[in-house]
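So, here's a batch of structures to check.
Across the two complexes that follow, chain A remains constant while its partner is chain B and subsequently chain C.
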Partner chain A sequence: MKSIQLQHIQKSYGDTEVIRGIDVTIEAGEFFALVGPSGCGKSTMLRMIAGLESITAGTLRIDGVAANELKPSERQLSMVFQNYALYPHMSVEKNITFGLHTKGLTKLEQRERCHEAAETLGLTDYLKRKPRELSGGQRQRVALARAIVTEAPICLMDEPLSNLDAKLRAKMRSEIRQLQRKLNLTMIYVTHDQVEAMTMADRMMLLNEGEVQQIGKPLDLYNKPANTFVASFIGSPPMNLVPVKRSEKGFVASDGRQFQPNVMTTVETATLGVRPEQILPANEDVTFYAELKNIEVLGTETILAFDVGGVEWLAKWPGQWPLSIGEKVACYIDPKQMSLFDADGERIEPRHPKLFEALEVFQ
Partner chain B sequence: MTVTLPRQRVKARLSDAVSGLLYLSPSIALFGIFLVYPLLRTIYLSFFRTDTQGTPLEFVGLGHYASLFMSATFWQSVQATVGFVALTVPLTILVALGLALLANEKLRGIGIFRTAFSATMGMSVAASSVIWMFMYNPSIGIFNRFLEAIGASGVQWLLDPQYALLSVSLATVWMNIGFTFLILLGGLQNIDRALYESADIAGTGYWTQLRAITIPMLSPTLFFVGIISLINAFQTFGQIDLLTKGGPMNSTNVIVYAIYKDAFINYNVGGASAQAVLLFVTVLLLTWLQFKLVERKVHYQ
Partner chain C sequence: MTMRNALVYTLLVLSAAVMLFPIGYAFSISLMDGGEVLKGNLIPEEPSLANYVAAFDRIPLLTYLVNSLVVALLVMVGQVVLSSLAAFAFVFIDFKGKALIFMLFLATMMVPWEATMVPNFLTVQSLGWLNSVWGLSVPFFALAFGTFLLRQQFKTIPHEMYEASQIAGISRFRFFWNVVLPVSKTPLVTLSVYSFLTTWNMYLWPLLVTNTEQARTVQIGIKQMQSNEIASDWGVVMAAVVMIIIPTLLLLFAGQKQLQEGLTQGAIK
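The block that comes next holds the complex of A and B.
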């Protein structure tokens, strides 16, 4: 088990900055997901850790030792590529054992390890086949076997599931997670799919345009997004956002709808955010009435679409609701479930009202 | 059981065939006039004694073939051809592969080298032959000047039967490098970078990667280049005509040049035709053999 430390890591190609100073420590044995939209620098980040790209500035430490100048093979890691990078002319067995001789293993030891890895991944019957004779999922397993056969303590994965169909992806997700736990690997997993990151990671880092947006446990990112970017990237459908202005009772959207978030702040304009599943059918208290623009009944839940302050919002109601388009429905939002972001899009932390008053006095 | 097609469908099929043939007719005409007819005519003429115009006079059966196999000059031609092929084909591929591997590295200004290495492709055989003729010139050529500079005696590059075939072969290798280099570089660039990155992480060195990844992944391209080079080498004519005219003492009289001399200088059209047929059969057999033997070792993706 090895930890990985990134200390103000930067990457530029000429004058273009791709990674703008990243600081994070990935603990030994942790499943760490790097998430972000395409072009955000997450793959570059991973390739810098692997040693396939040079680091422009900053220090990379593996178990405390500076590793910037180490060759990829000296970093005690394995890597699974997006397209698997299998050698098409070699059998599965050769693919798995390729390069093991450099670790000073005899032919017999190589074969033993290969069979062990193949057994773990259910590939024993396919060892003599060529990659082209395998299905997508089996190829994926060969790539995994090749990563674990080296017994490297760190494993890097670059969008390993993006070439699989949805059903297989869900299956491999849990397989990879189990494998990581069983072998106690320090895993860095790159994906653009926030569902993958949410379901697999111990902690995750959300990147946008080379900058860290938030680092934390998946549920922290979900419940307390640090800014509007995180709010709109995590969750499916994502958090509903609307610009609001301060009013007498709280905040008001441009269409006059009132919100009273449980957040004490002095800002005049802000962005209000609510998760779709936090917009509930109203029983007694009504936050607002919504005129339905669209409705999707999905069996276990119903997705309602309506406008708030000129922005389309989605609400997710549990169960099947026989509503029709144009109908007006009463919605309720628990004030504690409203997030508020300042003019720069940064989250305003809800403070205890008493503490807030005390602070006001000081100022 | 016979199936009777409705009249309309028969008509439709017929008109399909007609329009298909119409589309094909330009290339059928070209192939027919310039390839199929000359081939058949050559085979036909190889069985006849002809006058100087190539008009068949008397059927001689396999007579031309029999006299070829008895002729010392013919066997000398065969020897020169085999020597020429053996000298040019492997050397061209090896040098071009080396250059392609160098030019495939990601370095600043590598484009200049890629252009330079492929430049010979844009030069005609005639122009290159003249350049090499100057370089081989015994008194002013650069090779002899170099030899003199290091104190060795000069060599009659194109006039000494010992060196002439080697000299022509070297010039040919240089002329063919551009094309071969370009094809091999294209093949190298088609190899997925991730394969090498994965090997880097596994810790294998450059030569292991070359042997275990590059060569197998490049094998379809190498196979293609091998066949093209072989056929080209058997058909070489231009540089022989310009540099040595088959001499000295027939040492560079490769089969195509011998055919040319027999047909258009000695007016022995029948004998030349017989040699052409033999060359055709040889190249056909060798190519077939190459497909049979080498293709098993080629990894198509």
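The block that comes next holds the complex of A and C.
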């Protein structure tokens, strides 16, 4: 098990800055997901850790030792590529063992390790086949086998599931997670799919345009997004956002809807955010009325679409609601569940819940 | 559709016949005796191999054939080895001025070979390589066209394959040998056939750097026959010509099979 430390890592291609100073420590044995939209620099980050790309500035430490200048093969890591990068003319067995000689293993030891890895991944029957005689899922497994056969303590994966269909993806997700636990790997997993990151990672880092947006446990990012970018990237459907202005009793959207988030702040303009599942059917208290623009009744939940201050919001109600388009429904949002972001999009921390209750009593 | 096909095939057959006629006629003449040739027969009345025996008897055809074979094989190996190594460097290794050097490389393709003949001759002469296989082969080892051809092929190899091998600690040469070359069989065969045939058919350079019968190649040998008394004996000349076409045809057929295999393999994948 090895930890990985990034100290103000930067990367530029010529004049264009692609990574703008990243500081993070990935603990030994941790499943760390690197998420962000396409082109934000995830692959570049991973390739710098792997040693396939030079580091423009900053220090990379592997188990405390500076590793900027180490060759890829000296970093004790394995890597799974998005397109698997299997050698097309070699059998599965050869693909898995090619390179093991550099570890000083005899032919016999290589075969033993290969069979062990193949067994772990259910490839025993396919060892003699060529990659082109395998399905996409099996090729993926060969790529995984090739990574684990080296017994490297660190494993890097760059969007390894993006070429698989949805069903297989869900299956491989849990398999990779189990494999990581079983082998106690320090895993850095790159994906643009926030669901993958949320379901697999111990901790995750959200990148945008080469800058860290937030690092934390998946639920921290979900519940307390550090800014509007995180709020709109994490969750499906993502957090509803609307620009608001200060009013006497709280904040007001351009259509006059009032919100009273549990935040003490002096800002004049802000962005208000609410998760779709926090917009509930109102019982007594009504936050606002919504005129339905669209409605999707799914088996276990109903998705309602309506307009708030010129922005389309989605609400997710549990159960099946036989409502129709154009209907007006009363919605309730717990003020404690509203997030507020300042003019720069940064999260404004809510008041402490206890303090909030005390103030309510006082009023 | 079938009408079209019929037309296309008719045209193809006609073109093939026109193309093949000289070879067929040469083969036909090589089986005739002198009188028959002068009568203008297309098909020999009494085919005989006497001309072939005469060809080997009267000129050192075997020496020429061996010389040509050795030179063509040397050039082929030299060009394939150097071109593939250069192409590998251009595709997989990062170094300063790569684009510029590659441009220079390509620029040499614009220089006609004849323009460099004099300096090359002087170099070969000062190395004492006149009348040797080295003088005939070494000046052709560096081939910009081959480098270009293989570079285009190597560029289609996913870079991730190279990176995966780097992470596994596989040396560059092993990657080149065990991955790059095996997946590039088709263009390697193409280049080999091209190299062999070009060298086999080379005329001007061997004429310059050889002047003994021991060192001459087949093309020179054939030409020499015209200045000898044998020239009037067309049957013998054609027998020699047929003999030197055979390796060419063999190589083409062998190469073609390889090429087709390579192509269909790509199609199925």
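Points to keep in mind about this one:
Basically, the second predicted complex is superposed on the first by the 351 of 363 C-alpha atoms of A that agree within 3 Å, B and C clash if a C-alpha of one lies under 4 Å from a C-alpha of the other, contacts with A are read in each partner's own complex, and residues count from 1 in each chain.
Assume contacts are C-beta pairs under 8 Å (C-beta built on N, C-alpha and C of every residue); 3 or more make two chains touch, one makes a residue touch a chain.
Computed from a predicted model, the values in this text were never measured in an experiment.
If you put the two complexes together on chain A, you find that chain B and chain C bump into each other.
When the two structures are aligned on the shared chain, A:Asn83 is found in touch with chain B and with chain C. By the touch criterion stated above, A:Tyr13 is placed in contact with neither chain B nor chain C. By the document's definition of touching, neither partner reaches A:Tyr289: not chain B, not chain C. In the superposition on chain A, A:Thr102 makes contact with both chain B and chain C. Overlap of the chain B and chain C contact sets on chain A: residues 50-52, 71-73, 77-79, 81-83, 85, 87-89, 98-99, 102-103, 132, 146, 150. Touching chain B in their complex are the following residues of chain A: 50-52, 71-74, 77-79, 81-83, 85, 87-90, 98-100, 102-103, 132, 146, 150. Note for the complex: chain C touches chain A at residues 158, 160-161, 163-170, 178-179, 182-183, 268-269. Listing the residues of chain A that touch chain C in their complex gives 47, 50-52, 71-73, 77-79, 81-83, 85-89, 98-99, 102-103, 132, 146, 150. Residue ranges of chain B in contact with chain A, taken from their complex: 192, 194-195, 197-205, 212-213, 216-217, 219, 299, 301.
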